[in-house]
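Every chain is named by a letter (A, B, C, D, E, F, G and H) in the order it is written, and numbering of its residues begins at 1.
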Amino acid sequence: MEFPEFQIDWERERRTGVPEAIFCHGKTPAQIDAIAAAAGDRRLLLTRLSPTLHAALAPETRALLDHDPLSATALLGGGVPLAASGIGIVAAGTSDLAVAREAARTLAFAGYDAEIFADVGVAGLWRLMARLDEFRRCRVLIAVAGMEGALFSVLAGLVEAPVIAVPTSVGYGVAAGGTAALHAALASCAPGVVVVNIDNGFGAAAAALKMLRAYSRAM
Amino acid sequence: MEFPEFQIDWERERRTGVPEAIFCHGKTPAQIDAIAAAAGDRRLLLTRLSPTLHAALAPETRALLDHDPLSATALLGGGVPLAASGIGIVAAGTSDLAVAREAARTLAFAGYDAEIFADVGVAGLWRLMARLDEFRRCRVLIAVAGMEGALFSVLAGLVEAPVIAVPTSVGYGVAAGGTAALHAALASCAPGVVVVNIDNGFGAAAAALKMLRAYSRAM
Amino acid sequence: MEFPEFQIDWERERRTGVPEAIFCHGKTPAQIDAIAAAAGDRRLLLTRLSPTLHAALAPETRALLDHDPLSATALLGGGVPLAASGIGIVAAGTSDLAVAREAARTLAFAGYDAEIFADVGVAGLWRLMARLDEFRRCRVLIAVAGMEGALFSVLAGLVEAPVIAVPTSVGYGVAAGGTAALHAALASCAPGVVVVNIDNGFGAAAAALKMLRAYSRAM
Amino acid sequence: MEFPEFQIDWERERRTGVPEAIFCHGKTPAQIDAIAAAAGDRRLLLTRLSPTLHAALAPETRALLDHDPLSATALLGGGVPLAASGIGIVAAGTSDLAVAREAARTLAFAGYDAEIFADVGVAGLWRLMARLDEFRRCRVLIAVAGMEGALFSVLAGLVEAPVIAVPTSVGYGVAAGGTAALHAALASCAPGVVVVNIDNGFGAAAAALKMLRAYSRAM
Amino acid sequence: MEFPEFQIDWERERRTGVPEAIFCHGKTPAQIDAIAAAAGDRRLLLTRLSPTLHAALAPETRALLDHDPLSATALLGGGVPLAASGIGIVAAGTSDLAVAREAARTLAFAGYDAEIFADVGVAGLWRLMARLDEFRRCRVLIAVAGMEGALFSVLAGLVEAPVIAVPTSVGYGVAAGGTAALHAALASCAPGVVVVNIDNGFGAAAAALKMLRAYSRAM
Amino acid sequence: MEFPEFQIDWERERRTGVPEAIFCHGKTPAQIDAIAAAAGDRRLLLTRLSPTLHAALAPETRALLDHDPLSATALLGGGVPLAASGIGIVAAGTSDLAVAREAARTLAFAGYDAEIFADVGVAGLWRLMARLDEFRRCRVLIAVAGMEGALFSVLAGLVEAPVIAVPTSVGYGVAAGGTAALHAALASCAPGVVVVNIDNGFGAAAAALKMLRAYSRAM
Amino acid sequence: MEFPEFQIDWERERRTGVPEAIFCHGKTPAQIDAIAAAAGDRRLLLTRLSPTLHAALAPETRALLDHDPLSATALLGGGVPLAASGIGIVAAGTSDLAVAREAARTLAFAGYDAEIFADVGVAGLWRLMARLDEFRRCRVLIAVAGMEGALFSVLAGLVEAPVIAVPTSVGYGVAAGGTAALHAALASCAPGVVVVNIDNGFGAAAAALKMLRAYSRAM
Amino acid sequence: MEFPEFQIDWERERRTGVPEAIFCHGKTPAQIDAIAAAAGDRRLLLTRLSPTLHAALAPETRALLDHDPLSATALLGGGVPLAASGIGIVAAGTSDLAVAREAARTLAFAGYDAEIFADVGVAGLWRLMARLDEFRRCRVLIAVAGMEGALFSVLAGLVEAPVIAVPTSVGYGVAAGGTAALHAALASCAPGVVVVNIDNGFGAAAAALKMLRAYSRAM
């Protein structure tokens, strides 16, 4: 029995506005090596490539990758110059930064810059209020929070831009795994919050990219 | 077979600082009639006595009760003069008022007044900030909120008093039944929030009464 | 005890781009009557106003409302002329139309037109493919589906516009309540899907309005 | 105390059409060694024999086994020539291949060949449509997908053959553990999808074998 | 705003081997009336048409329908002569008969007869063993059970035919809603059980029809 | 199509020590009438026969039944003289009495008397301690409690007899449906508690009957 | 700050019929060493003492213990002669033997012998039927099963003795963690099954001991 | 891209009565090192600093910390003299001591002493009753229990002081993760129990501190 293993969707960006990315968790090192080899000189984003998995790749694959351990992302094929995007990424706590950074790295892969605002939790509301003018200047906000996820509602009640909520798995007890933050985002009393899966910084960036592209289209 | 049915714990208040109350949901009208008759001229609080269940009671029972349909509470044996308590009850939305009122009625049964602050949700943060000085003057705050329950964290990050969170079953989808608000209260990033069961305005008032009593004890 | 009950957030639209709306489920008819009276000649959207609850309102309130039973929405203060929005609403089945219509009514309240595409489930993929060109012309797509929610992934893999997924509670067994469709939306293998709460047609429209407003802002 | 430990059901295949297999996860190496010894020269399939567990077996056991690390299966007693089966195995992503391969190995143990179609997710629908004619020629389809499991509905809406859905635990957040894909399979809007437990490639193959056998019986 | 509402998939049977059916729960009477009118003289199966919903249809619609209250199914366009199918339907308890009958009515709509075996629960194993020869003669078995669903495993361990398990929502406590039976079916220790959604008698029949059709195809 | 509907297991008592009983919830009145008719002059216990369902039976069925509305049980074929059993039934609250009574009626059907101890919750521990000597004289204790189910552990830590815990669905919020009490029973820190399904007074009595019978057997 | 750490309940056996046991999981090696030292020459049972935790104990503690790695139990203070008990322990699969053995070791600690019947799953019903006479001679049956737990219902429908069900965490997918088997035990259609927590072989033995003791008491 | 990472809320204690603490789980060693460096000579509490994480910190950070491995807490900046607080901490079992100690260490950081009562589970009620007078002298009780959490209700029914329940993740099966104990606390039949998240000893201490501060304020 022979097993053909993958087909990269190189046309995805043209078709949907989001570049193809490889979700590495659950793949074997050999599968990732094969994918990297198949890419040739095309650019590719790899997500959920943990330091352990990265270390298990073939040396020739690792040589091609720009790997960031905190966000577990890697870029194949080099970077591109970054354009201003008007996208802001707001993280509630230090522990949420890995996910915030996955979003930022995805935007950078697509050629956009973004600003990260860190440690803006609602338990110290003044930290959030102090930066409100900056938030209000953004065209899209990605909000990243675990635990009870109160940040999503507070932020969305204060700004005009769409708020993409990324619940994170930061927390313990009833917050373990991120479901409490996810439900807080979905049940927000502030209308207009949209939500992606737990820890899905990549998905939030992909949605923001679709919005940017829609902004620039003639109707 | 004969079935003895109930024993009222008349000593509870002396022992624990919280008066005995009858949880009516799930009891038959005949059982509630019998309990009211057994009370004689002693005072008793009845909770979860819905308008429908109230209407099914014997006329002589109903004649003895001061019933409030919104909070589904009834007082047997008359009211007492109310003393100032320093307890504030903050409700996030209009739909949370039934639960807030159950707490207020419980306090009133025990002889304490409380102030209710209504419609103080975080989606319009200015409504909360406008009353912050009043909140800060309270010695205990009971916070009542459904949906995503962001009120608990925002409030607890701003005041010195203990915050007793009462999640409510107001909401739909992932918020249906109140679990999302409950988890938000338990996972709050603002330390010092304590929580009671969903829709449990009575329990929040009971806890506040225990705190008041502890305040006045010599150590 | 007196209970102040509500404060309408008339500034919400200016602040966040989404007009204030009243979620009627869980409110008493008297509370809704009072809110309608307080509105005076300002415009207001009422959601989750079921036919039963609508019938229990005071006649003078009902006289002021444009009520749509299928979507359980009512407009107070009259309609406005509709501008083209480029928003498309795609419903997987006939049973999802109530939610789709809540979204459309919300957009209409805010002055925007939208096109509804009905019965576009993936079990008959040709129905979806036949309308693909129309979908691709939209600037924002609201996708409404219950059961297994496969529509979200299929659609998002084919179009460039942001896809706002609204899972519905249509279904039974493991799909009862809408959690299966919700999880399908959040776990979509097609990047860039953003999600709102189950049956939350209003929230999807609010998010779409925020995007439209962001399109028209200078950066 | 003595503990008799196992009795192999050698008659299962004759009685039910599915050969006896040993589920190794949760068994100690000594137990597996004893089972292998008891088999003598009879053929036996071992499933969930992870590389770690395989490495802990006695050398004489390992010498008897044809072990495949990706699918964690091992064959004892040698292979048999493979007959064409008309069974197709469709895997949504590279990460689903381990489960797909467990199904293929089970069929091979029973003497049947099958074709694996890899990386046929619905986010790139063209990959699926390109192979539709091949799918339509199959008499039974085993569909293997994690995440949101949209593949099951799309496939079942396009082909005549029974579709056996195998949800996998590939995914994170709400998809972690495979429940989202499982519910999508069960709630499919495309009638006629049947489902086995999460990651149960063996069970899907067993069901397909029962169908093949039923095809060949006189009624 | 105009809302086109439905498109019937008249080609489904030719494409997938399963006739189009209308899931009535969640549809308004007016929507069902419109669908019935659109069918003209084509045959159509309606499922989940409860007696209450049936009674709310227009008289001219009701005149066209052959409605069975226990299974909540209706046939539009008349019956067809029934061919022997070799399909057996085994129901664990009397309360499971509504679901068993939905399966039987679906088969009858498609032109096949089936035998129902009632009250064959495992608590009285002799009732099952007494009919074992009949079960073994079937080419496909649909097993319908609620509560703990032990029937699925016992049956599948005894027969050669594929067993399609239909868990039902019969039960209370941990069995309420049917999840316990569903999980028992999926986790069965007897290989080769395949499963459909809770109470989904229609889906089980659809799967059986696909198998029958596959039996009769040349490879 | 004809549907044979039921087979009563008249031999169950001889085989298992527990008489056959009919679980009426989910059955139609016509099905129950037929079962009663089939019983002839044999004795039969009917459980979960709610007042509404009882009222819908044929008058001739009702004439044969000794129906108790609180426990929703009915005896067909008359009572028998009761022997002392040494079984005690302890109910935590008034609302738990319906379930306690289902157990007592089941025992009475089998010819055994039992004593019910009502309103013995742990919030007023003195009520429990006051009756401890009576509890200690019992040979089997059935403990019935909802809410947090603390009764099970406290009781089992004090007595020598086996404690059969019956969690009830009495409660709200996290206790709604009885899962909190069920988990408390299963996780009890007092060893030797055994548990039946939520609200399953019948099952607890059946287990107690099996124990009584085992007591009287020679080994 | 000083932390007093434990008080052993040496009177438990006299009071409740079940000897005190130490649940080791979650305790530090130092805590277990201290408990063993405090026991002096009294006998003590230690449960959930995994090989890893056992290896971390002080050598002088280990010297005192009779440790069984499969069941993770240890006896302190030596064994006692075993009396016949009439208790049978039935395990569905080889993987369930660890739990079955925890029950047997607990009985042995208390001075009773028991017979273990292994690999008696319902998928091969003949294995169960072949030993039915032996099962019927037992006075108490402890049934140990994971996955779908069908064994509990089948067994309880065939024997007169009380059946204590011990669901195990053996399984994957929906059966992972043992909830599927637990629910099957609680929802059993065979009356008289009583249940203990998942993997709680100790608790099942404790309940059986209570029954044995009750057998021998005068009433 | 640069990532600013944290802002310590040094004003929290003045504003809310609870000192700022750093939740270390989920932070990288480098992040914790940076936080410790930023603190300068200010005092700081670190929680969830496991021995493994502690060992990974920079030596200069470790030199500054007073680390307690059992409770996984560390104090930066030295201790302060302890005042009597009237707070009692009651732990149900030895395994709950880690959480009890987190509470005690938090109080000590804030300058208060507390008494720990260990191994006071309800299975041996005499251990609890023997210390009742001591419990009754406390002004606030923190109760720490896992498994079924019956301690919360028993204790709250006996004392006047507020009871802060801390459910722990001690347990297995249905008690794994602490949800059973959490639900028991929330559903307690003894009014006035307030609850914090699972294993949240820090939060319980923070709430107790807020109460102490409220005691000493003029109204």
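By our rule, a residue touches a chain if its C-beta (ideal position, glycine included) is under 8 Å from a C-beta of that chain, and two chains touch if they have at least 3 such contacts.
Which chain is which protein? Per UniProt: A, B, C, D, E, F, G, H = 1-(5-phosphoribosyl)-5-amino-4-imidazole-carboxylate carboxylase.
Everything quoted here is computed from the prediction, not taken from an experiment.
S.K.: Give me the chains shared as neighbours by subunit E and subunit G.
M.R.: Touches both subunit E and subunit G: D, F.
S.K.: Which of these, G-H, E-G or C-D, gives back the A-H interface, meaning over half of its contact pairs coincide by residue number?
M.R.: Of the listed pairs G-H, E-G or C-D, the one copying the A-H interface is G-H.
S.K.: Tell me which of A-C and B-C has more C-beta pairs in contact.
M.R.: Of A-C and B-C, it is A-C that has more C-beta pairs in contact.
S.K.: Could you state the distance in Å from the CA-based centre of subunit F to that of subunit H?
M.R.: 42
S.K.: Which integer distance in Å separates the CA centroid of subunit B from that of subunit D?
M.R.: About 55 Å separates the centre of subunit B from that of subunit D.
S.K.: Any chance you could list the residues of subunit A touching two or more other chains?
M.R.: 12, 93, 123-124, 156-158, 173-175, 179, 182, 186-187, 190-191, 197-198
S.K.: Taking the top-of-page definition of touch, could you list the pairs of chains it picks out?
M.R.: Inter-chain contacts occur between A-B, A-C, A-D, A-H, B-C, B-F, B-H, C-D, C-E, D-E, D-G, E-F, E-G, F-G, F-H, G-H.
S.K.: Once bound in the complex, which stretches of subunit E touch subunit G?
M.R.: Subunit E reaches subunit G through residues 92-93, 121-125, 147-150, 152-154, 156-158, 171, 173-175, 179-191.
S.K.: Which residues of subunit F touch subunit B in their complex?
M.R.: So the residues of subunit F in touch with subunit B come to 70, 94-95, 97, 100-101, 104, 108, 113-114, 116-119, 123-124, 126-127, 170, 172-176.
S.K.: Quick one: in the complex, what on subunit F touches subunit E?
M.R.: Contacts found on subunit F: 1, 3-7, 9, 11-12, 23, 25-28, 31, 35, 48, 169, 177-179, 182, 197-200.
S.K.: Contact residues on subunit H for subunit B in the complex?
M.R.: Residue positions touching the partner: 12, 15-18, 21, 84, 86, 139-140, 156-164, 182, 186-187, 190-198, 202-203, 206-207, 209-211, 213-215, 217, 219.
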